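The structure under discussion is supplied below as structure tokens; questions concerning it will follow.
Order of writing sets the chain letters: A, B, C and D. Residues in each chain are counted from 1.
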Amino acid sequence: MTALVSLFGKPWIWSWLAAFVIWFLTIMVTLGASTLGLSQAALTFAAFSVIVGIGQMFVITLGPGNIDLSVPATMTLAGTVALKLMNVENGLILPGLLVAILIGLVVGLGNYALIKALRIPPIIATLSVSFIVQSAAIWTNRGLRIKPPSMLAEFTTSNTLGVPNVAIVALLISLLAWFMLHKTVYGRWISAIGQSMPASRMAGIPVDGTRFVTYLFCAVLASVAGYLLACFSGGAALNMGSEYLLTSIAVVVIGGTAVAGGDSNVPGIWGASLFMFLVVSMLNTYGLGAGIRLIMTGLIIISVIMLAGGRRAGMR
Amino acid sequence: MDEVLKAVIAVDGAKVSFGAVRALDGVTLRVMSGECVGLVGHNGAGKSTIVSVINGGLTPHEGSVSSNGERLERYGINAARARGVRCVFQELSLCPNLSIVENTRIMHRDLGGFGWRRRAAEIIEKSLDAVFPCHGIDSGRAVGDLSIAERQMVEIAMAFSDAGTPPRLVILDEPTSSLDASLARQMLDHVRRFVATGGSVIFISHILHEILETSDRIVVMKDGRVVTERPANGFDHHGLVEAMGTVAKEETNQRPAHEQSTAPLILSHQTAGRPFSARKGEIIGLAGLAGHGQTELLLALHAAKSGTWLPERDPLVTFVAGDRRLNGVFELWSILRNFSVASLGDLSRRGFILTDKEETKGADWKRRIEIRTPDMGNRILSLSGGNQQKVLFARALATRAPVVLMDDPMRGVDVGTKQEVYAIIREEAAHGRTFIWYSTEMDEVRLCDRVYVFREGRITAELTGDAVNETNIIAASFEGVAA
Amino acid sequence: DTSAKKIALSNNYAGNSWRQAMLTSWGKVTSEAVKAGVVAAADPFTTAENQATEQAAQIQNMILQGYDAIVLNAASPTALNGAVKEACDAGITVVSFDGIVTEPCAWRIAVNFKEMGRSEVEYLSKKLPAGGNLLEIRGLAGVFVDDEISAGIHDGVKQFPQFKIVGSVHGDWAQDVAQKAVAGILPSLPDIVGVVTQGGDGYGAAQAIAATDRKMPIIIMGNREDELKWWKEQKDAKGYETMSVSIAPGVSTLAFWVAQQILDGKQVKKDLVVPFLRIDQDNLETNLANTQAGGVANVEYTQADAIKVIESAK
Amino acid sequence: MTARLSSDAMRLAIPALSLTLLLAAVFWLQPRAMSYVGLNLLFNLAVPIALATIAQMLVMAVNDLDLSMGTFVSFVACVSATFLRDDPATGMLILAGAIAAYAGLGVIIYLRDLPSIVVTLGMSFVWGGLAVLLLPAPGGQAPDWVRSLMTVKPPLAPMAIVASIIIAAGAHLLVMRSSLGVLIRGIGGNQRSVERAGWSIVAARATAYGLAGFFAVLAGIALVGLTTSADANIALRYTLLSIAGVILGGGEFIGGRVSPVGAVIGALTLTLAGSFLSFLRISPDWQIGAQGAILIIVLALRLMLNRLEKREKRRR
């Protein structure tokens, strides 16, 4: 009983609950025949949202105003350049990944340089950077779709023991993120900065270093997600990141991370990512038009956050 | 019974609890017109909570509030204000983004209508002039641009201002914490004038001589109850401290001026005035009128000696905040995490936090500095203001930093705790730690080996040993004013 | 003589390969025209986001810059009418294509999107006379092209009632979006025999279906190289048959020449129609060979082609 | 007369200066713009943006952020181009309902202590869905009175300039001079103290949101007046534009520090920045990136002037 109560005190439970209800409603259309197919598809596509969502979550944890709008453009540029570099050759898979990560590092550097040196609010700084990054993606190969190396395409689209490989990658990244948040000094630091930057500074936390690393981390995760997504969907497209702008923010907040900063939540990201995918699938399955579908998505997001009850007090 | 009839406000048997904490455990308090009631008690005794009850912000779970003999059933903020209850809260509570005039508008609900700006300006200026003659504050300025002392002055003047409903009962919850001696004097004088014209005041302060000389009656609270209540002349300083339940310690005398000039130099800083330097094991005071550059120096020292990009393996300085909401506590965190945040370097290996070590150290300091909580895992905000301040002390002292910067850290700390902290400071200094201590309280400044006196952002005097005394400090603080 | 005339391209979106191919064709054809002295300038402009308001501002700036003609791929058929009217009033020739505008003073080079949608179902009715269930992949919700093609498809289903649309998703003309949307609805769908699409989404649908153990239905393809290449692979492996309908991005060059002809004083009808680009089983290889790797099957137009189109409309 | 500029005045001087500089650059590049017609062409699309920016500013004044501004303005545009023309009474009713919905949002966000970002993110789907339902394909037509209002040719200065001045003056009176404005900004500055003074925070927040809805409705109507017709995606950009406008105009995300005149200037600056770019004739590959660059430059300018001001203050 108390275990149940404490479970419902967890901020991430609501996104999981919502995801489960919607999953159930969807499989009931086929009386359960679609269970495996839908679950696998949900895990696959949630994986990409999870990866970018975790990066975004670290940034949002840094406190009010911190957000990275350059995620979509970074995904696009990393995917484009990596696939161009790999040029369908299996031998170049690793260099491709390294280049994608390098791009993430450069974008993160640019973001924080603007935020710090020009004191631009992150929302504007990262938006400006995203325009430049998007231009760079166009400039590199003008939107030509180059196929991924066959091994990589194979890896990203297949399953291990019934679990999609991309979901396994996302799970590993989530574990790493959870560990960083809860077990390391760095995790304490970002939580502290998110609660009060002046207090963090006076407590001797290297505020700039920590924020810088966090923006780097977010951009690197975005570029890794771009790399994987490009391989998964058979080539990089110039607009491939665009839907991850809203998604990356939505999964963070629906997942129970405090938008006011200081409190992050890894399991919630998974619940919210599955939820975001399943909502669209359910509404498509029920044959609802785009208008109704959008309205329902919005109302469900609002209901989840109402149930979860906004800013919670139970955090340690 | 006719006492109740005359009482401006009478609270009877008020009980308030926040979760498991009994903040008020049946408090009965009366305030007559034309009297100043001094309210004292240790940190977390429930003073602020009773204030909230009287000003209508908090409905007691049990007990009643009555005014002029009439029991008030639906007592709330607006009912209180309509009866002329005004409050200066412990923490600053103006809107920093608004001008003083606009804040006046917010405070007085029925000031609206065409030309309210002019009227609001008149009201607040009149009150400022009355409480703090020669204050020099322009009512068009934004509150955020004011110094902390000026803000407190505005807040006090706001409480005494009259925009139709004259103030009848003014509650002052630690109003002088950021004021220097001369401003505090002006305020206390005004309180006496106000009381003399039939007004009532509830005055909360940890500076006991203020209470003793200003109040007509003193109410002592302890653990959510009123333990003693007597006319002010029935108390002396010692008796008051005793009544509060803290063992009266020996009045701290100045430290014997031991040989310091031979200790190695640990910190020096170029300032606008005289150069600043600190030696190992010294307790250095920063004195002068409030808001004359002491905090700025501390911030500059901190900024100069700590990196913001890379973690410091052996930080030279650590900081104890005075304005704990702004740069002290982490509100989402537990007491333990708030305590350990500055020493994570020592409590971790290769970036991983050693939880056991953290808990042991937390328990150790909880005992050492007597943080009043059943569990260090509770949220920091469950502590009373004074206890939060103790956590901040423990946070700084638990680091290995050889220099501790203190930004008037004793604000709102009760006498007993203060004595304990002074003892710890002396002990640490004896072991070679350096303390750089800004304080608005003369008692504390007198504990220092050496004192720098500030005036208009510059160091104007340096006092050592026997020269550290009230006369010299006040003389140096006002240096140049007379000329 | 138009050698002193300046033409601007106002483009609302550059974020997919179709639009990139369109800009490349424009650059290639117009730079030669400028070099040859046919026109003085042919500057392309693109807005950052696919937004009518931003494009309206762009057109207003072109008016200030003194262009003689504006060639326009519009974000909205109606929301730019205000700006287009202002351009016309300033004496500027406005030629819209692909994303056309309804403002009467402008010229329109239109594709019959409705017919394009209908022809997909017609093709399926020939391949699958018995009919069956269809999955529809739509484009970007709220955009004119999407609504037109979809309306055509539904007309087609009315005409061939043996077909039934059992699911409909928005793929936003992008492979990855289509893949995600199809993967989400697929588990709940009954057997499907065909997928009707809008182009740019066929390969994504194929991948989503391939990830399940369903039989591959007939997926109508667009003109992206990956769509054609996948079709070719399937064709070679197991004789897979389908067709592709799309609009060639090189239509921007046709619009350029039409604008040039109007500036030259030619009488041109306000509404011109270009055929959509159709690829069938037999001409797949030729078309694939002419398509740049990762690009889009394309047709570029010459001045002579434009004159022919203008003449035939008379 | 003391030369001391209040912080409010300084908040204004900086955006005004950057607008002037940018305008000078545009005139230098394109002298034709220096005319009645030219100014109108440069600025008329800034009018709806300015209104949306004021709306966003009202929400930001109470420390919230509205991520649904763009979709809401799109929705209003769709209503204006359909109902408001064909059936004015119903149209008015719908718009009034939309304003009431905004006020309701303000109440829910406060009472349930929800993060505004998430609720408005959800609402952005709802408004978007409603817009798609109203206009599945672009179309509709602006009511004639709106059209003629947006195309009037007042003497002396073009409509765009006159409208901007009226909006700025009106919003200034409302937000900076009236008691209501003080109350709203007071909530942003220190909600608790406003509450302790006996005000109803719910009512004040509902008013702030309702006013934001009102200005956003005006933005949608003005937009349709300029474009003559609507589509469901017509103003999506306004979300970020309005936030950027408030920031450019000297506003801040938290603390109730806003400037209506600055916000209007910010909106004009953003619009002008776009024109400036198209006059530069950059290669299409980099046109998108240049928009990012110009945002950065304008904000860097703001920082430079800010620094200058600080130094000035210190010297005094």
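One rule holds in what follows: contacts are C-beta pairs under 8 Å (C-beta built on N, C-alpha and C of every residue); 3 or more make two chains touch, one makes a residue touch a chain.
Just so we're on the same page, UniProt names per chain: A, D = Ribose transport system permease protein; B = Ribose transport system ATP-binding protein.
Owing to the predicted nature of the structure, the values given are computational and were not obtained by experimental measurement.
Participant: Which neighbours do chain B and chain D have in common?
Facilitator: Joint contacts, listed by label: A.
Participant: Using C-alpha centroids, which chain lies at the maximum separation from chain D?
Facilitator: Most distant chain from chain D: B.
Participant: Does A-B or C-D have the larger number of C-beta pairs in contact?
Facilitator: Answer to which pair has more contacts is C-D.
Participant: If you average the CA atoms of chain A and of chain B, how far apart do the two points sit, in angstrom?
Facilitator: 45
Participant: Determine the centre-to-centre distance between chain B and chain C, using the mean Cα coordinates as centres, and give it in whole Å.
Facilitator: The answer is 71 Å.
Participant: If you average the CA atoms of chain C and of chain D, how far apart do the two points sit, in angstrom?
Facilitator: Once rounded, the distance between the two centres reads 35 Å.
Participant: Averaged over CA atoms, how far is the centre of chain A from the centre of chain D? Could you give it in whole Å?
Facilitator: Averaging C-alpha atoms per chain gives centres 30 Å apart.
Participant: If I count partner chains per residue in chain D, which residues reach a count of at least 2?
Facilitator: 131-132, 136, 287-288, 291
Participant: Which positions in chain C are in touch with at least two other chains?
Facilitator: 14, 23, 48, 141-142
Participant: Dump the list of chain pairs that touch, please.
Facilitator: All chain pairs meeting the touch criterion are A-B, A-C, A-D, B-D, C-D.
Participant: What part of chain D is in contact with chain C in the complex they form?
Facilitator: Residues in contact with chain C: 30, 32-33, 38, 41-42, 44-45, 48-49, 131-132, 135-141, 223, 226-238, 271, 274-275, 278-279, 281, 284, 287-288, 291.
Participant: Mind pulling up the chain D residues that touch chain B in the complex?
Facilitator: My answer: residues 6-8, 177, 179, 182-183, 185-186, 188-190, 192-199, 255-257.
Participant: In their shared complex, at which residues does chain B touch chain A?
Facilitator: Within the complex, chain B touches chain A at residues 302, 306-312, 315, 318-319, 321, 326-334, 337, 341-342, 344-345, 348, 351-353, 377, 379, 395, 399, 401.
Participant: Enumerate the contact residues on chain A facing chain C in the complex.
Facilitator: 26-27, 29-30, 33-38, 41-42, 44-45, 131, 134, 138, 141-147, 157, 229, 232-235, 237-240, 242-243, 277-278, 280-281, 284-285, 287, 290-291, 294
Participant: Quick one: in the complex, what on chain C touches chain A?
Facilitator: Per the touch definition, chain C meets chain A at residues 14-17, 19-21, 23-24, 48, 138, 141-142, 167-170, 172, 174-177, 179-181, 183-188, 203-204, 207, 211-212, 224-226, 292-295.
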